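There are two complexes below, and they share chain A, which is joined by chain B in the first and by chain C in the second.
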Partner chain A sequence: MQNARLKRKLMNELGGYLFTLPVLLGVLIFTYYPAVQSLIYSFFEYDGFVQMNPVGFRNFIRIFTLDRETGTVFLNTFVYAVITVPLGLVLGYSLALLANTRIRGISAFRVLFYLPVIIPGVSAGILWRDLFDPTFGIMAQIFRILGLPEPTFFAEASTSMATLVWTTTWSMGGGMVIWLAAFKNIPAALYESARLDGAGYFRQLFSITIPLSTPMIFYNLVTSVIGTLQIFSTMIIAGGTSGRGVDNSLYFIAVKIYNEAFTRGSMGYASALAWVLFAIIAVLTVVMFMSNRWVQYSEDNG
Partner chain B sequence: MTQTVKTGPAAAAAIHKKARRKVLLKRALIYAGLSLVAVYLVFPYVFMLSRSFMSERYISNLPIKFFPNAEGFSLEGYRVLFVENNYFQYLFNTVKIMAINIVAVPIAASLCAYGFAKVRFSGNKIIFAMMMSTLMIPGTVTQVPLYVLFSDLGWTQDIRPLVIPALFGGGAINIFLLVQFMRNVPNELENAARIDGANMFQRYLFITIPLCGPILLYVAVNVFSGTWSDFYGPLIYLKSEDAYTLAVAIYYDCVGPRADLNAINTQMAAGVFMSFLPAVVFLVYQRKLVDGIMIGAIKG
Partner chain C sequence: MMKKLMSVLACLMLSAALALSLFGCGGDRPEITGDEYEVNLNPDKNAEITLKVTSYESERELFEDLMAGFNKEYPNVKLEFDPLAGDLYNTMMGYYNGNNMPDIMINQSFDMLALDGSKILLNLDPYIKAEAASGAEDAFDESDYYDYFWKLGQRDFDGVQIMIPRTSDQVVVHVNKDVLKAAGVDINPETTKVRNGWTWEDFLEVCAQVRAYFDLNGVTRPIMDAYITWEANFNAIFQSFGVEYFTDGEVTVDSQATRDALDLIRDLRVKGYISKTTSSNGANFDGGQGAFMIHSRSIGLTVEELLKKDAFPGVSEEDLQEHYDVVSFPLIGDQPKIGAGVAGYSVASTTENRDYAWQFVKFMLSKEGQNIFADNGITAVPMRKDMADITDETNHWVRGYTQYNLSAYMYGREENYIAASEFMLERPSKSNDLRSSLATMVETYINFDGDEAAVAERLTEAIKTCKSDLEYWAYQS
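Here is the complex of A and B:
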């Protein structure tokens, strides 16, 4: 009897490690090893092949002093994140509220709202270039019809960031799906008793719906901050041949890291930049977790 | 007495009519709002589709037309794509990478998830924590050493960097979702199967996996859209033109150094061509996705 139990326990040990072996190896090979390597590279001048000279903190010093592009790329990325993260949350949430209306045909509207999200980034990128062409784009024509001043969109440094932010409004359906699921988890009884107490739509919204979806709001906030700071694909396409936009106005950190590593072959410097970005993301994440007292976790799914 | 009998129903009808009108008005306003938002969100893509069927001359005429007339209609954009360029080759390349991932990730991820959710062993918690920790490390940090690693291994000549990682579960999120789902699968069936002499692998394959259909489908769809629109990986690793995926081919042709697709109709056709399969998958799958049924199922 005891022997059988011991045997079963051993089988469990063996089986457990065997089943989880892929992910254990994957974590070690594809995350831990490269993360450590990257930190080491950041103290070297390294071309990715043979040349590897130790340079101490010189890469980091260069980021903050000699490299004139650093200020631009960090500023662009932060401005973009500071605008698009809250904008995306608010628009996605409002869209979900609209799509949550109980009305005939609402499913068809939800499909239409979500459609832009499934368009691959590269397709969307070339579409924005055409749509926002200052002469032959449909947006310029709409501006003309409405009697607005002649737009410049991506063609001028002063308007390219605003144009890029504008294009993000088309993907607000991405957040919608998550919010709709969150709304489903709110007990209907809460709304019933609120209605009996005479609460109107907005009272219910601010007293029930929003407070009870704060855990999801927080989750979305953290993931979109982390994701937005590393954004790459739309930028490099909207940014034109150089991937930087007019006068570096759309030059983002991730594109800069890509250029340093794969265009100039400065693997060490690119790694140092990546670690600075990592540090910023880590600090922001800690700050967000420390200031999450506004999040209301309910007892059952806390 | 007689008066009240007479006016009662009439007054009620009047009130009823007024209330009904109010409801109808409210409904009309909601539909108007929904339609307005839908038009705003969808018109760029309809425009892309419509412009892909216009002739180059028709496109360059001002003012811009939304739909082509008989004279402006042209398949030139698609001809350039398929006859002058190798877009079927790029489609095939993309499908190849996607197909390997879409098979390998659910298999590897479900094996790991079963270990975490159903097997009690000493390393369970620590390996799970290690896996979750990878979510904190941004991809920008690991990409340079990974590139060096893959090129040292001699893998950068082909698609191996884009498919081998799938064999290891394809990332923490998929495994995490599967673990959450499997934890909600009752253990009674497992125990009964064990008593009947089924070993651990048989219980995984014949008991747990058949119950995980919805979540495996969800993971597969995620893998599909992830690999289909992946731009960064192919951009770094695919050096030869024969191996290009749609994402990099379109980038190089429309924006980057090759610039083979100068005409707007061809660029739009390329965009439509790349979006076609995701749109089909989405339309087949939309009810489950958009109504949040899948995510509800995950949260259990």
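Here is the complex of A and C:
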């Protein structure tokens, strides 16, 4: 009897499973298979070709003891994340608030804000390289017109990171779209009631808009942290210096993983680095989920 | 019940991934031929086989022509051309693991050294030795080729042959005669200083004249495209100063010679002859605006580029020599060096057609093969010594270009002025990192602006960092 019910249930849901099968197979073949394979490689000295010698945890130990680039790449990556994640959230949110106003031609502004996101990374990289040319770039000329000190931008290690962070403001429109969608989901009745109670713009913002868009803020926070820690900027590649910046000032973990695997022929070591990065991202993600009590999932929540 | 079923499914998926991965680690990969193997110098001429060649897309027609020439002797051998879409190392890694290796691949020094460690390059010495022992009239003979360049295709540049160099490339100075003339530089062939064998002092004198002319006319761009972080260029300057990067297992880059060489390069930047390496604003030689370009690019390719970019409006290819030519790299000091390198082809150690692959690369190095390279735009100096005569148009690399100063590309070979980037041999598997350490030293110093004390401090810092980097990459990493 129970078997017959299960069989009927399975038959009913067979169509659903068939539809999800391609995705399941895709995830299995293109995500889990390489992931598990890289975990295995991380315990080998492997050049990507013939040489494959088991080394136990030596690759992992090397990351934290022998490799002099580890400190630089982790520091660069975390500094970049610590600056760009909050900056991106605040600027993107502010932009969304501006784009959410009801003024004439706002749709055109929304398109203009979002447009940079669809420009390919390499094209943007070439653009930024020319704009930030320390001698002939437009930015350098603006500095001179304003009487500011002669800029060095990507030409000096001390200013490279700040310049890169500056360029990230370019793609704030990506987050803006998600927030705009969140704003649209906030019931208009809440604003109406607030206005009847005499609440002004900022009161409505802090008591309605921000609290009710915290799920999206949380989503953007988690994806931004993951994204920035995995930064492999084509913009940096397009900017030259083998993706490392002057004096390794823009050398990020993901770029190092690529270099180790494909230019130094250390596939095993690169895999170990990738798993360390994965572990760090996983821990940070878990911490963010454990501390998400500030997220308000409905108007009755909290 | 459904929950249980889903858990089982999830477990099955992960198990499958693990099993697939384990299978993948020891999966079906091509067999490698070691250093010793049997050779057959007379394979069946009617055999029906296909040779797969991986090279740049721009060389597709070249290989079709080479195969057409090869087919005269081996009529049933077919070509499967596979365009190289990215880095050679990456691509070969993918091909090896996918059991899809080519028989022959394009190569150059850095990739050759890196790939040698992977064992996928066939040691060609058994063929070379067998040819020498055969005593046949048309046998392959190493002495037909420029010895110095031939060795650049060997393991550690002095070991077994793992790459067949296709041309012998040497750095020259490309000259825009119009700019020099406008700047008042004497370009009369009888009296000009801009000639083969000119010295660095002559070069600086001309640079100063051009800079003054540019300044007078409000031209802010540098006067030349120098590609100074390219190892063929900076290494030649370092070698001219006698810089020793490594001595008996120690890094000895911190020396007065290094300081002098770096000062010489930085001086070019400070005086506005070259741009900062981080600047996208070059001299635009190809556009007809720069006075010089320091590069090994052949006359043929440069002429093509100049015409494409209309560098000299209204000037036809026939008349271009009146506006453009080349001279040898300026000689620095009493032990001058000129940068050089090679590109070539390697046979994969995984090939099942190695006897035919050998015959094919041997054909590439024949006079007919070398002429096919030239006919397809690769007009660099051939590897064959018997094709050096620049007045003999049966040597196709000179055909159409005899009015140019082609001897610049061979200047100093007899005098031992040629210098390849041998520093990479200190640790071939880390050659890219060694190169990058030196290029970074050049870059961080020459781009720096500041007062005398700050510049001196930057010089010390740049050399110190380079020393530490070289120690790490050569001996510790």
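Quick notes
Here is the rule we go by: the second predicted complex is superposed on the first by the 273 of 302 C-alpha atoms of A that agree within 3 Å, B and C clash if a C-alpha of one lies under 4 Å from a C-alpha of the other, contacts with A are read in each partner's own complex, and residues count from 1 in each chain.
Keep in mind that, in the parts below, contacts are C-beta pairs under 8 Å (C-beta built on N, C-alpha and C of every residue); 3 or more make two chains touch, one makes a residue touch a chain.
Predicted model only: the values in this text are computed from it and were never measured.
Applying the stated clash criterion after superposition on chain A shows that chain B and chain C collide.
In the superposed model, A:L24 makes contact with both chain B and chain C. By the document's definition of touching, of the two partners only chain B reaches A:I178; chain C does not. In the superposed pair of complexes, A:N292 makes contact with neither chain B nor chain C. In the superposed model, A:Q51 lies in contact with chain C only, and not with chain B.
Of the two partner chains, chain C is the only one touched by A:R264; chain B is not. Judged by the touch definition given at the top, the superposed model places A:Q37 against both chain B and chain C.
Contact with chain B, but none with chain C, is seen for A:L277 once the two complexes are overlaid on the shared chain.
With both complexes placed on chain A, chain A has more residues touched by B than by the other of chain B and chain C. In the superposition on chain A, no contact is made by A:T72 with either chain B or chain C.
By the document's definition of touching, of the two partners only chain C reaches A:V246; chain B does not. The clash between chain B and chain C in the superposition falls on 152-160, which is one of the stretches 134-142, 152-160 or 278-286.
Residues 24, 27, 29, 32-35, 37, 41, 48, 129-130, 135-136, 240-241, 262, 267 of chain A contact both chain B in one complex and chain C in the other. Across the complex, chain C meets chain A through its residues 1-2, 13-14, 16-18, 20-22, 24-25, 29, 32, 87, 89-90, 92-93, 96-97, 114, 117-120, 220, 275-276, 278-281, 429-430, 432-433, 436, 440, 443-444, 447, 449, 465, 472, 476-477. Here chain A touches chain C in the complex through residues 2, 6, 9, 24, 27-29, 32-37, 39-41, 47-52, 66-68, 129-130, 133-136, 150, 154-156, 240-242, 246-247, 262-265, 267, going by the rule given at the top.
Within the complex formed with chain B, the residues of chain A that make contact are 11-13, 15-20, 22-27, 29-35, 37-38, 41, 48, 95, 98, 101, 103, 106-107, 109-116, 118-127, 129-131, 135-138, 141, 170, 172-173, 177-178, 180-181, 184-185, 226, 229-230, 232-233, 236-237, 240-241, 253-254, 257-258, 261-262, 267, 270-271, 274-275, 277-278, 281-282, 285, 301. Those residues of chain B that touch chain A in the shared complex are 27, 30-31, 33-34, 37-38, 41-42, 44-45, 47-48, 51, 59-60, 62-64, 66, 108-109, 111-112, 114-116, 119-124, 127, 130-131, 133-134, 136-149, 151, 165, 167-169, 172, 175, 200-201, 204, 225, 228-229, 231-232, 236, 246-247, 250-251, 254-257, 264, 267-268, 270-272, 274-275, 278-279, 281-283, 286-287, 289-292, 295-296, 299.
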